[in-house]
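Next come two complexes, and both contain subunit A; in the first it sits with subunit B, in the second with subunit C.
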Partner chain A sequence: MARSRLTESNAAGWGFALPAFALVATFIILPFFFAFAFSLTNQRLISPNPTEYVGFQNYRNLLGLGLLRIAPVRDDAGEIVRDANGAPKYPRVRTFTRNNPDYPQYQGMREWFGWRSGDDRVVVLARDVIFMKALVNTLIFVAVVAPVQGGLALVLALLINQKLRGINVFRTIYFMPVVVSIVVVSLLWRFIYDGNDGLLNNIIGALTFGLFEPRDWLGDPGTALGAIIAMSIWQAVGFHMVIWLSGLQTIPPTLYEVARIEGANAWQTFRYVTWPGLRNTAILVLIVITMQAFAIFAQIDVMTNGGPLDSTQTLVFQAVERGYGKQDISGGSVISVILFLIVLSISLLQRWLTRERH
Partner chain B sequence: MAEVRLTGLRKSFGDVEVIKGVDIDIQDGEFVVFVGPSGCGKSTLLRMIAGLEDITSGTLEIDGQVVNEVQPKDRGIAMVFQTYAIFPHMTVRENVGFGLTIAGVPKADKDAKVIEAARILQMEHLLDRRPSQLSGGQRQRVAIGRAIVRDPTVFLFDEPLSNLDAALRMDMRMEIGKLHNQLGATMVYVTHDQVEAMTLADKIVVLEDGQVRQIGTPMELYHHPANLFVAGFIGSPSMNFLDVDVGETHNDTATVSNPSLDPIEVKPTDPVTPGVKAKLGIRPQYLTPSSDPTKGKLHGTIELTERLGTETIVEVKLGDGTKVIAALSEDAIFDIGTEVSLTFDPDKAHLFGVPQAGSAAIQTESGG
Partner chain C sequence: MKSKVLFAGAVSVIFANAAPAQTELTMWYHGAGNEVESRLINQIVDDFNASQSDWAVAIQSFPQESYNDSVVAAALAGDLPDIIDVDGPVMPNWAWSGYMQPLPIDEAAYADFLPGPRGVWDGKLYSIGLWDAAVALYARQSTIDALGLRVPTLDNPWSEDEFMAALDAAKASGDFEYALDLGMAWTGEWYPYAFSPFLQSFGGDIVDRSTYKTAEGVLNGDAAIAFGEWWQNLFQGGYAPGTSQDPADRDRGFIEGKYAFGWNGNWAAVAHMAEVDDMLFLPAPDFGNGSTIGAASWQFGISASSEHPDGAAAFIEFALDDKYLAAFSDGIGLIPSTPSAAAMTENYKAGGPLEVFFGLSEAQAVLRPVTPGYVVAAKVFEKALADIANGADVADTLDAAVDEINADIERNGGYGH
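Let's turn to the complex of A and B:
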């Protein structure tokens, strides 16, 4: 290639990089630092009041937890008061969390969950129950999606990585959901999961000869998160299949020939040749899936809006909901920062666990 | 230990036939080298013996058994690849013992066999290293070690030295030769390097275009090449070929000449008839500078000299523009541009027929 002054000039190089750099700085780097700054204030989207620095108050409001042990109500004789079913009666939680001078640390908290311990009842209190539910849902989502999606993608890649006639058709089919917008996919799956005449209910009904009771998959707190997990795995599995596939194709064919000559069976070939050759790919896939899974938003926004009964709340959905829905920029920022710290620490942990050992 | 017999072996990839009917007998304990230019099918042939490529037609026998349909692991073979094909995530010990791990051999037996192989290859001190910490020669040694622990009846080598540098290649070549003497196993070795073929082989198979051109000992091939291809392929520097006209022919001699060569009488390798064109082959080593007019004489100008110490390679341009190479053992000084006269012994010249109408392959099939 002919060298011109333009390609040699340092200033020209910076000039070419500038538009992209400016956009990245404006929309990614700057907001990232803004989020940190806003999380320490009471910034709102539109407000007549001046923004104030509040320190870590927002974090305390989100993360505050308390453990309360409640003794059953006793009558004058000291006997436990029981209801018609024989279960002990307890004072209501709100008597401890609302203006109770004996328990100032629980002021404003709500019951997250609780259990029986002997006669007493133990209650976990959270200052922000919805955030806690969102956190747990997100962690469940990641914990299921990362291994299942990664594993399924690997299985598909192994199936696809064969010299068969028409194999490209399968490649295309598996990759198709990746190309379609997640919003469109979510809308389609809302029809599939529909409680009245959804495809899923019809299929299961047909397979069980009508024995199956149709259910509203997204309307039931017991199945909503699972339904979204299943659909999310299906949607992005093709993308990770392609990454696995590229990893598979970097393994030298002679290594497989050695395995054949040595008489390795399919499992031994995978165990000694394929899997060790996929080490770096595995790290990449795992980290990418984890980060994508933590960022789950569109499916929730389109399919359930966090419901029913907050059973599908997630961190990003809550961040958006608070930041823009409730115009509470600082509240959204805090969640973003916490999410960033979680993803960062998990990625570092994964890197450490999968490090090269000598 | 086993003999290997290839009978009418053919291989097609789709419509393209790459192995076109090959017959080779390999004796027990023999070191056989398949040699030929790139694309001649020598590696494919080796992979067919290994069972990595299936056989389109013909039969392959190892130790008297037809093994066309037998799995690679059950053929009693071990193979060493050009790219070493050792596992980067395993130590040398694990790599060498890989086959035994797969076969579920108890650890004590496995360790003993691995150490024995390492001792044969003098690499006991490398056993706990990883491939990334090894040189190319050491890696190939690991691959050979992996072959040894299989205790195969036939060793297959697919250009094992091609990825090594020149000095290392020579060392490893000698080691493979020694290994053959030590183990006494049947070995089949593929290379495009005729020096490797000449030095290692008990028997060389010269392949071209999926067919056997000649089978013989290195010296047979060198002194009695069956055809133009073998003559040009074996020997370094390669044989000079002069276009000559055939004059009179007698029972087993023919008189040939060309404008720069006075008529001489030679024994033709291919049958020739008076009046046809032919090629006269003379090895560079048999050309000597001389002024004796009774022998075949070539005149020309020196265009290039290369002093290699033991011999001097001289390129001479003849009167008709043909260039010939002479490997001269004398220490005589030859300057570029000087006139020189070269003689040779007609008994050591080879006369080959020229394929008529140009492109057709030479029709001199030869077994060995």
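Let's turn to the complex of A and C:
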């Protein structure tokens, strides 16, 4: 077996694969190398100016962080000035970050978040607060969607994997949102979440006999991301349900018969027969959901545009907004490259965690 | 060599025999989907093609939402048509990027045009519009009477105090869901177009127009912060619906009596007058530096790659006829670019129901910053206004907007100013 199997494969096989290879190379691999190259330049979408190499300047602009300790304002007697609630008063962050010759390293940075430490206030400054918020939102989105959507899809798959009359009706209903365009689904959910007379407010209002104060789900920074997460889980859960279902149907019925003869209860059957049989399906579902969740864009674009107050900014939305909306291809490329590195490392980590142990 | 010349000659003879002697000019237009608008523009094209024998214009229409993207994509691919139409504030960007060439038409052809429809950048005319748009404060005479308010005029608009007193009165009456509808549901160009004149009236601006190199001090100076605090109070104080306004309420809310006042464009005026008997279109309040509204709408220009700028210019000059200006105005309610065309229209002639808009456009219109960087600055401004409306810190938000605009200007080498 000195010869590689690759070279022994017949020409027809390669011929069949060629169109797909060519398309993947042209539209996925090549653009990625472009993105990496652009991220090191000041490339614009349209500009008469020549493109210049800027090294890692774009990365520094995006990822730059700083820590600032702010002492409270003291009056002439050296006493800390306090407001009506007794909280110390602090000078504004902008007095440090704008044209302050003593703090040139913080020039142009903005407050990301901060906390009290003794009498002082500690502030984490970021050069690009919007990117940081987009990064955190995307990670929250993935951390919630991946387990919840995967788990819910498994429950639905178990429910519809029964030989009942009319089970196909349920399969169709659960799968329906996947077939509808995400843009259409997002538009519909905008009405559902509407603050005045949206369906959700009406339903909760009716269930609580009018005790519930109607909320503006997408207009409130506290609920907007949660609303989009819930809607996204609902939309794609059917797709993963089908994958789970295909996994369930590959488990040999004889194993279940054995389990029944051995006297296993429902939980034991699931734990020792079903779940081990779904191992590879679980890895697939987990990786696919993670990748899809990182790419969240359409819901944001249609429902919130990243608002209110950046509470629903995400990485892909920012990449598109910068690259195309603000004509800054290099800025969009940097975000794409960083997103690629994040997804790649998480996928590798998942592969390692779910590897076959001998 | 000789045979090649002969062959070329033969080809041109064949073509001369097969096709009419008109040279084809291609044209792109943003109004696909609007039946009336398509009919009007096609009429101009047909009239032009029939009026002379040198040129034949072939028009292709795009939906407005994807028009700009199509032009940018075509420019990147080197595939632009001869004649394009362009939104006024975007023109400098396209001219600077090299998509457009100066428009070789005689100054006499547009001598009496309103300032808004003239697309001048870098001292040269690049585009010209058949119409302008204007914004006014929508109100009902009955509301004004019930609240005991003075009717503001162009010469004597409401001051900030009078305006806020009017909103307070409307709010206190309890007859309305909100006192003022600003149209926050219309994201995109509406924000800088409709709201940056408020900022200018306060004494600020989106960029420093003396140099176009920085926004520092104008977008985050004292005047701008005063504007931002006033703006935030409109929402936090419960005067106006915020960014999550239902688009349907934007279109119908004033008509249905949900809002006492509306900040809306002349394009919505006809629909409002049809349902509200005592419509008033009031000038913008004066916040200290005059009462101002935005100007400039869609305009025609010639792409840089056009091989027949003379033919394209001939078409554009042909379209500037008063009768077409009037036809567009009657058809879709736009403000005609000249007084003589206005006199020919139903709505803008002396005593016409929308005459006031022509006056507003003539007296108050301020162009959005005339710079290639406007395209980015407009997006930054839109986000800043949305964030402030949602409760973000005014000074910090405006600082961030200034930094972003300045960084963009710097990355673009000053945009050629």
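The rule we apply is simple: the second predicted complex is superposed on the first by the 334 of 358 C-alpha atoms of A that agree within 3 Å, B and C clash if a C-alpha of one lies under 4 Å from a C-alpha of the other, contacts with A are read in each partner's own complex, and residues count from 1 in each chain.
Note that a residue touches a chain if its C-beta (ideal position, glycine included) is under 8 Å from a C-beta of that chain, and two chains touch if they have at least 3 such contacts.
Since we're looking at a predicted model, the values are computed, not measured.
Undergrad: Check subunit A with both subunit B and subunit C modelled on it and let me know: fit or clash.
TA: fit
Undergrad: For A:Leu309 in the superposed arrangement: first (subunit B), second (subunit C), both or neither?
TA: second
Undergrad: Going by the contact rule set out at the top, does A:Arg260 touch subunit B (first), subunit C (second), both, or neither?
TA: Only subunit B; A:Arg260 stays clear of subunit C.
Undergrad: Thinking of the overlay built on chain A, is A:Arg116 touched by subunit B (first), by subunit C (second), by both, or by neither?
TA: After superposing on A, A:Arg116 lies clear of both subunit B and subunit C.
Undergrad: Report for A:Arg69: first if it touches subunit B alone, second if subunit C alone, otherwise both or neither.
TA: Touch status of A:Arg69: no partner.
Undergrad: Between the C-alpha centres of subunit B and subunit C, what angle is subtended at subunit A's, in steps of 10°?
TA: Rounded to the nearest ten degrees, it is 140.
Undergrad: Contacts for A:Gln268 in the overlay, against subunit B (first) and subunit C (second): which applies, first, second, both or neither?
TA: first
Undergrad: Now for A:Arg82: first (subunit B), second (subunit C), both, or neither, which partner does it touch?
TA: A:Arg82: touches no partner chain.
Undergrad: Per the overlay, which chain contacts more subunit A residues, subunit B or subunit C?
TA: Of the two chains, more subunit A residues are contacted by C.
Undergrad: With both complexes overlaid on chain A, does A:Arg60 touch subunit B (first), subunit C (second), both or neither?
TA: So A:Arg60 meets neither subunit B nor subunit C here.
Undergrad: One more residue to check, A:Val93. First (subunit B), second (subunit C), both or neither?
TA: Touch partner of A:Val93: subunit C, not subunit B.
Undergrad: Between subunit B and subunit C, report the minimum C-alpha distance in the superposition, expressed in whole angstrom.
TA: 53
Undergrad: Please identify the positions on subunit A that touch both subunit B and subunit C, taking each partner from its own complex.
TA: Touching subunit B and subunit C on subunit A: no residues.
Undergrad: Quick one: in the complex, what on subunit C touches subunit A?
TA: Interface residues on subunit C, with respect to subunit A: 69, 72, 75-76, 93, 96-99, 187, 242-244, 246, 249, 375-376, 379-380, 383, 386-387, 390-392, 395-396, 399-400, 403, 407-408, 411-413, 416.
Undergrad: Show me the residue ranges of subunit B that touch subunit A in the complex, using the header's touch definition.
TA: 50-52, 71-74, 77-79, 81, 83, 85, 87-90, 98-99, 101-103, 130, 146, 150
Undergrad: So in the complex, the part of subunit A that touches subunit B is made up of which residues?
TA: That would be residues 252, 254-255, 257-264, 268, 272-273, 276, 279, 358 of subunit A.
Undergrad: Given the complex with subunit C, which residues does subunit A contribute to the contact?
TA: My answer: residues 42, 44-49, 92-94, 97-98, 108, 110-111, 129, 194-196, 216, 218-219, 221, 305, 307-310, 321, 324-328.
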